[in-house]
Structure formats: C-alpha cells, structure tokens
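Next up: the structures, one after another.
Paired with chain B in one complex and with chain C in the other, chain A is shared by the two complexes that follow.
Then we have the complex of A and B:
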C-alpha cells in the first residue's frame, strides 16, 4: 500500500540563480557549494583605482603572473563553504580536545624531565610562528586573489593556520604548566636560534612576495609539502621515541589536517598547471626556487632535532614532494632556470 | 607512563590570559626583510601608531572556540532553512510586495557582505599588529558567512519570485546598485585605517541598526522565517563587529593626537556616504514593508539622534565632534523615504524590483508618522499617480536622470530648508563640471576629486555606449538603446521590474496561495 501526504503542487520558476545556471550550462538544481561560490566576487565596472595600487583595479587578475581563462575551475574538492567548513572543524576540534584533556589531566607533558621539556620546546613550539606566517600568506591570497572558488578556501586556510598556531601554543602551555615560559622561549628560538633561522628567513621572504599565486604555491605546496611530511614521518616519531608518546597525541591533528588540505592544494595545483604550458613552467619555476630555499631551511632544523639522520630525512621528504607534484602533472626539469 | 596524580597542577588561566598567551606573541619584527616592506600599507594614510600592543582584543575568541560556536550556529540555521524549504515557507509572507525588500537586500546588501569579507581580508593582511590582524580576519570570515548564508536562505525565494535571479551580475551593472557598490569600493580602495574606520565604525557601529537590522525586523514582521532566522543567527557576529568598530576608532585616536583630524575627516565623509546609502533603507521601511516596523523618521531619531548622539558625546573627550551635516540628515528625515520612493516609482521599469502606490490605510499610516509633510507634499502626488494608473496610464519616466557624482543617486533630493526645491551643487575640476545632490556629497568630492572623477556613473556609461551586451550593434536599424541596457543588466524584461499590480509575481502569488495581492 502506498502512503501519500497530500501537498500543494506549485511549479517553481527556476532551479537556481542565473549566474549559477550560466556556469553549469543550464538551469538545474545546484548544490549549496555552487550557490555559495559562483558569482560572489565583483568582476567589472569598478569605480575607483586603489590608492594603494593605482596601476591596477580593486580586484585584478594581474596580481599574479599565472593566467587562468576561468578562475572558478580552482574548486575545492572538499566543497567547503562557511557552514560545512565550521561544522567539520568543530567536530575535529572535539576529538582533539579529548586528547589535550587527557594529556593535561595526567600531567603527561608538564611532568617530563626538564631536559625533555626543553628538547620538545626547541623542536616544536617555534612552529607557532611559522603557522602565523602561513596565516598571513594565505590572508594575502584571500585579499588579492581572483574568484571566490580560490579565495574562500584560502580564507578557511588562513583561519586553519591561526588555529594551528594556537594549537602549538597550547602544546607549549601543556609543557610549561600554563606559565607561558615555553612560548617566550620559543619566540627567542624563532628569532635567534641558528636551526630556526632558515625557516624564519623563508617565511619573511614570502611576506615581501607580491604575486598572490606565488605565495600560494610557496607556502601551501612547497613549504608545507616538505615540512609536514618531515614532522609526520621523522620529527614526531623521534620526539615520541625520546620523550614518550604523549606528544603524539597532540601532534595527531597535524597530519590529518595536512592530508585533508592537501587534497585541495593538489586540486588547485593540477588545474593551474593543466591550463597552459606557460602556467606549468611558471609553477615549476616557483617550485624549484622555493624548494631550494626551503631545503636549505629544513636542513639545520632537521639536523638539530634528528642529528645525523637529518639530511636523510630531508632527502626523503623531497622525494615525497617530487612524487606528489609529478602526479599533479609537473615536470621539474622544465622549470624556468 | 606518569601517574595521574600530578605533583604540581597547572596554573589556572582566565579566558583573557589564555587568549593573550595563545595569540599575542605570535607576530615578530622581521629582520631578514624590512618590516615596512612586509607591511607596506599601514603608514601611507598618515595615521601614526606607536604601540600596536595597546590594541585591546575585542573578541578574545580562539579558533577552537570560534569553530565550536559558529559550527553550532550553522547547524541550527541550516536545519531551519531546510525545514523552511520543505514546507514552502516562502508562501507564508504577508503578501508578495514584501519579496521586493528581499530583492533590494540580495542585490544591494549581500554583495556588500562579500565585499566586506574581502576588504577585511585586506586589512587582516596589512596591519602589522598581530591582534589587529586577527580581529580583521575573524570579521573577514564572518562576512563570508553572511554572504553565503544569505544566498542559501534567499535561494528558495528565487525559485518562486522574480528579480532575485542574478544578484552579482546586477550589482556590477545596474544603476541604483552602483550606490552600494561604489560605497564599498570607495572604502576598499582607501587605505586599511580608512577602511576599518568607514566599515567597522561608521557602517557597523553607528549605522547597523539602520541598515541590517531594519531588513531583519521587517522579515520578522512580515512572516519571513528564513530571513529572520538568518538575522538572529548573524546578530552575535554583528555585535562582535560593532565592538571591533569602537575599538578601532579609540585605538587610533589614543595613539597620537595627529590622528584626530584625519579620523574626523573620515567620520564626516563616511557618515554622509552611509546616510545617502540609507536612503534605500528608508523607502524600504516606509513603503515596501506591508507590515511596517517603525518609520524611517522614528528609526533615525532612536538610532542616530539618541544613540549616535550619546556615542559622539563619549568621543568628545578625544576631540571628536558630531559628523558634519548630521543636522541636515535630521532636517531631511520627514521627506527622505518619500523622495526616494518617488524616484523608484518613476524608474521601476529599469529596476529589478516592483513599486506601487500605497493603499489608503498605508497612506493613513504615513500621514500619522509624517504629519508635517505627507499630506501636504507627497499624498497628492501618490493620488495623482493612482488616478493615472486607473486610467491605464501608469507613469514611467522614459528619460535618464542626472546622478550625483559622489553618492550616484539620481538628483532628486531637496534643499535642506525647502522640500519643494531640488538641491543642485557643482564643482569645477580639470575643466569639467561635476554635479552633486547635496553639500555633503560636494564636500566629499572636493576633498578627493581625483578619486571621484573616476566614478562609474551608470547614466554616463549608458550614454557613452558602455552598457550593451558584447556583440550588440548599436547602428543596426531599429536599435533601442534603453531596451538593450535592460538586457545588459541581466533583467528578464517584463518580469523583474515595473508596477507590482501588473507583475507576474502578483499573478503567481494569487494563483499559488489564494491570498490577496495586497494584504489588508
């Protein structure tokens, strides 16, 4: 037997907004991601040239050398709009919170021997500043990039990096019993310790890099693509072996986050280099140039934490990035010299 | 493994301490690169900042808490939007005239939410102070939320009503939408300090109860559950943004006395820019809502004259006075909405929403709210239009109006001391004459003529032939330039604009709901 709820039949006039329908090719039901993405950014008839850059329009595709016929092909495979983004992160934060709570209640980090605390502060806590740099770089892309498909995802990435900086700060507070001493130490290390200077130098160089897509690739593909595998495969296992597994509970979120966001970075990269040979060569050039800088920066850091295994670890993560970008369609020897 | 009984427990942190530890020390002074190259845009406006550490974090929200609160709000909001769609909640509004406020909102205001998102991302990149950057970034992502949730909420109305189908395309092109568009682009093309003063303070703090809230209250009064739910959900974001607005201005003023005259000039400018933009809201409140919340004049008295007056009293200790021409705005409060509705009644065939003559009972309401002006100045005109319409001669103005070079509204406003005489002002600049609707708009131009000569004035652009679709041949026989402009705007001609009583919206409403086109 069929059960029917009687409803009033009304033929709706259209399925979605005209701008979404134009993009999809016809008027058909659109997803929330599509309605939250297409057509949001103004595209034409700008009124005033910026006082801060009068040679360009308010939004201008010329803020990068990369050329895309359609910037909205740079879609996010996670289909994050604000709602799905915050709901996803809130859920992840809940499980992270359990780990932090566990470590805190049992004093697993603050009761470590002073030498162990010092070693962990030295190895990990200055990363909060690197994440703050990554926050600013992604904010740069959000401010000056073209098209909501890209810039909403970089907005979420901006806030993610602030969240990571704060997460690493909490790690410091768990080590120092909430005095904040570890954070002061970490800042001094970031500013002065030789092993951290390469990473600081790279971060500062990105701060003065104007091309918004260069900044995108330098941070999100190259620096993260080398640093996060180093943390996941080498630094964190080393710290856990030396100082106990509590640290792994706190570092657990980072590789998960990296895997998830890499799907998006990969999709953007793939679409950019597939667009044209010129784009390919440009991105490959950035990859080579920033890859060399990051490599120089990682060696002293990896050496400091891993000792003689450092160089080998850096080589290993370079191989990982090389394989990854190869799958995305980048041939490194075609890079612009 | 260590045993659970920790010998020395961790220090207890207050929220404020926790926030400060997690946030404040994140930034550093660069040494491999010049700090002024890393943050090149926070000095050129002449604002002097001596100590960024004095910035008081107005939100004190760490990201973990932000995700948690906002994720929860989104879960609730989308549950209600889903239910609204499933239950055809779009037919529960008072009558289909109400939908026109949503058209104004989606095409005029939602794109500003998006512009705010990008503008705050710029400020969130450009201030060298860590806390200031974070505060701006938080607002940047909030504003993206508003743009997106508005699109999702109003999406359902778009499926059943006209005029809502192409908001971004229209915002970039349509004549009256250049008023909000140019307003926000004016702020974004300024430096970061002017942007936050304009948007966080003048727009969010001083004027939000006259802009965003009237739409949300209007939704509540007129049975629009989707929009009112969005409005409630956004309210806690808005109160954070208002807090930021006040903090921004106090911080700048406290840093250096040389900042005071710069800020005062911005407050003067952005008060008048904002007030002119609110002309659109005034007609919405007095004419477009079938169930009215309060009159424009009452709202102005409560939210600007009283609340705003108290605010500027507080700021007097910094040497800040009331914005210039606030007295003119108060003199105009009994006529503003009537003049603006008159303009749109004239040009509604070129607008993406409908206009109409108010019903008798509505005219009584207007007369009671505007005893000094309505019966004397505006009722006769409305009754004349009604009579014309009844004879089959609904009035549409076929010419194009002259626009104010600054606010871009057609020059229909009247002299401050004479509501029967159109106000014209002009300035000469580089051998050209520029026209203004008011002394306020003329002053703004005269302070920065090189900026405002660039205004993309829709009427000028039409006459210059810049508002036709690509590939259209204006020399073709029988070419109708104005009809072509409407296509360039992306209108569905015959559906999106014109008289409400003649509209498909009205016919559909009656057919689908069985309710009267005009609620009584």
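Then we have the complex of A and C:
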C-alpha cells in the first residue's frame, strides 16, 4: 500500500478580536499593544450612577472640559502594556541597582563632608514629596479619565513616579548612612523651607484640581517639562561639580526616563490639540496658567541651589518647554488665559 | 518571478509585525507571502529595510542588527548601514 503524505496549511479565519478589527478598519494581525488597549474601557451596563457624583456616569467623558471624538487616539508611542512595561522597567532598575551598589560599596556619599551632605539633602531629597504628588495626580487621571489608551499609560506612569520617589529616598539613605535622618529632614524642608514652598504649592494646587486632563497637562507637560530639564541641565551638573560625580551616577535614570516619557506626553498632547481649535485653546490656556505658577515656584528653588545662576537657568528651561510645545502645534499667543 | 528577485523571510510573530509593515510601506513593489510561522517578502531588484520606518511603528529606538533575531533567510547582496539594510543583486 502506498501512503501519500500531504501537508495541509490551516489558515486562521480571523486575525484578531472583532472589536480590535473594527478599530483597525480591517481584520489584520494586531500587535499585543493594540489588543491590550482598544475597546477595553467599560462603557455599558452601568445601572446606577455613583452616589458621590450622581450627575455623571461612573466612567464619564465629561470629567474634563477637553472633548475628543475618539479617546483611543491618545495612544502611547512606547506601546506599553503590562508585559513590555514591566520588562523595560525591570531592566532599567537592574542598571540603577548597579550604580547604587557602586556608590554604596565605596561609601562615595557617606564619606562626604557634613556640609556637602546637608547641601545635597536640601537640593534633592525633598523632591520625593513632589514625586509622590505626581504619583497621586496621575492616579487621579487614571481614575477619572476615559479610555484605556490614556488610563493604562497614566497608571504605568503612577508606578514610575513611585519608583522615582524611591530612588530619591535611597539617595537620602546613602547620604545619612541608612539612618533615615535625611528623609525626616527632607520632609521638614518640604513643609517649611521657603525655597521649597513654591513647588509644594503647585503640587498641592494640583491635588485640588478637578479636571483630569488639566491635571495631566499641569503635571506631565508643564511641571515635569520645566523641572526635569532644570534638574538634568543645571542642578545635577552643579551638584556634581560641587560635591563629586557620585551624585550623577545616582541621577542617571533621570534623563533616560524623562526622554522616554516625554515622547508619550508629546504624543498625547499633539493628538489632543490637533482634534479641535477649542481643545487647542483650552490646553494653551492651562499651559499659560500653570506655566506661570511653576515658573514662580522654580525661581526660589533654582536660586537656592544655583545661586545667582538660578534665574538664567529658569529662563533656559522655559525656552526648552516653549520650543517643545511649539513643535506639538501649540501657539501660546492664541491662548485665552 | 524574474531572476533578479531578492527576498527576506522572518518568523511570523509579534516582534516582526512592525518590521514587515515597515518593509511593505517602503517597498511598494514587494509582495508579502504568509506561510505557517514564516513571512516571506519578495521584491523585484531591490528591497530596503529602513531603521526609521521600523522605529516609527515600534515606538522605540531600533538597531538594524536586531533583524537577525527573527531572520529566517534572505537572498541578494547585502548593503548594510546604521540606517538601512538593502538587498539587491550586484
């Protein structure tokens, strides 16, 4: 008897879920990011409105003045879903651990003169409270924003901010030899030192801002867009020049994280302002309003750390943010402040 | 298919999807054939893989040497730079 071996190719009937296919416009293979994003926002079958806000649904697009036809256009160019996000951050954490280990074993911060330790605690450690604020603000966006594209990215962002706060805490612990003294000191500085009160005011004002997209832009575009370039281009080089390069090693994550995250913030901003002139004017208005607040807050902080070079540094980072939002299609002149 | 055809074949998975999309966008004459677990792209004369097109779809920096991870086979002479990976017959 003769046996013929035949191969049979089985073609799959569908390439992806139909709700994803509807978004893509045709049934082509979708990436994991697309499958973990599109159509996941709960929209129907809510019988009751929330007791705490009965005029709105549990998930409601009206929790911001910003109007989008389709909230799923606010995609994350990094395409983070749970898997890719955790893998990326785990890798970065590993390299950070190496840096911290290096500094710890050689006692590079522990052996600094008391005056230097004090200066570094004053300049950097209170930022952990600001990062905690950023964590909470992005929680607010995640809770009250609409659409998985945006809210999953803001959720990841909350974890990022906790991570940054922890890096700053560990920097403090390296300075005080693990006693935790620097953390208590930093909290007192955050609450009482005049140079920190501006940033504290901005952070706390955001805590009582209702509009979730206003919070998004105020924190992630305006405050970060001014503070991070200041830290990266002025504060860190200054601290390194004064107190040795160990501090640069511990702040290595900062430019990397900021560059990566900015691409996401930029993409969201661009999509929001491109949607309509009304959105543009709204975002430009928030930008002008929060920009002025943050500017007032940064001046005393930059002045305290950088001395007379402070005002110049604040001007330089303002120019950076202005150029950045210009590229995103925002003209600040049209703003109704 | 004429004798000057070049091809490149990748494993069919989540990693190669943006690469194939980039190749399709950059090479309008290319024909994409789906096999079980493999995707083969044929192009008459010349086929270019551009780093920027892949990065656009991937949302992160990409090194063209990463192509090798999922590469099954290819034909043609290779001209490789940091920005482009070109297949053609010299």
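FYI, the second predicted complex is superposed on the first by the 328 of 337 C-alpha atoms of A that agree within 3 Å, B and C clash if a C-alpha of one lies under 4 Å from a C-alpha of the other, contacts with A are read in each partner's own complex, and residues count from 1 in each chain.
Everything below uses one rule, namely that contacts are C-beta pairs under 8 Å (C-beta built on N, C-alpha and C of every residue); 3 or more make two chains touch, one makes a residue touch a chain.
No experiment lies behind these values; they were computed from the predicted model shown.
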Original post:
After lining up the shared chain so the two structures overlap, which partner does A:65 touch, if you call chain B first and chain C second: first, second, both or neither?
Top reply: neither
**OP:** Check the residue A:95 against both partner chains and state whether it touches chain B (first), chain C (second), both, or neither.
**Re:** neither
**OP:** Examine A:111 and indicate which partner it touches, taking first as chain B and second as chain C; both and neither are also allowed.
**Re:** first
**OP:** Tell me which partner A:32 touches in the superposition: chain B (first), chain C (second), both or neither.
**Re:** both
**OP:** Return first, second, both or neither, reflecting whether A:331 touches chain B, chain C, both chains, or no partner chain.
**Re:** neither
**OP:** Determine, under the contact definition given at the top, whether A:256 touches first (chain B), second (chain C), both, or neither.
**Re:** neither
Original post:
Counting only touches as set out at the top, which of chain B and chain C does A:132 meet: first, second, both, neither?
Top reply: first
Subject >> Dominant contact partner of chain A by residue count, chain C or chain B >> reply: B
**OP:** Take the contacts of chain A with chain B and those with chain C, and give the residues found in both.
**Re:** 10, 32
Subject >> Residues on chain A engaged by chain C in the complex (per definition of touch) >> reply: 9-10, 29, 31-32, 76-79, 263
Original post:
Of all residues in chain A, which touch chain B in the complex?
Top reply: 8, 10, 12-19, 32, 35-36, 39-52, 58-59, 81-83, 86-91, 93-94, 96-97, 104-108, 110-111, 128-129, 132, 135-136, 139-140, 142-144, 148, 151-152, 155-156, 158-160, 162-163, 165-167, 169-170, 173-174, 177-180, 183-184, 187, 190-191, 200-201, 204-205, 207-208, 244
Subject >> Residue numbers on chain B that touch chain A, as the complex places them >> reply: 1-4, 6-13, 21-23, 25-28, 30-34, 37-39, 41, 44, 62-64, 66-68, 70-72, 74-75, 77-78, 88, 111, 114-115, 117-118, 121-122, 124-126, 130, 133-134, 137-138, 140-141, 144-145, 147-149, 151-152, 155, 158-162, 164-169, 171-173, 178, 181-182, 185-186, 188-191, 451-452, 454-456, 461, 490, 508, 512
**OP:** Write out the stretch or stretches of chain C touching chain A in their complex.
**Re:** 14, 17-18, 35-36, 58-60
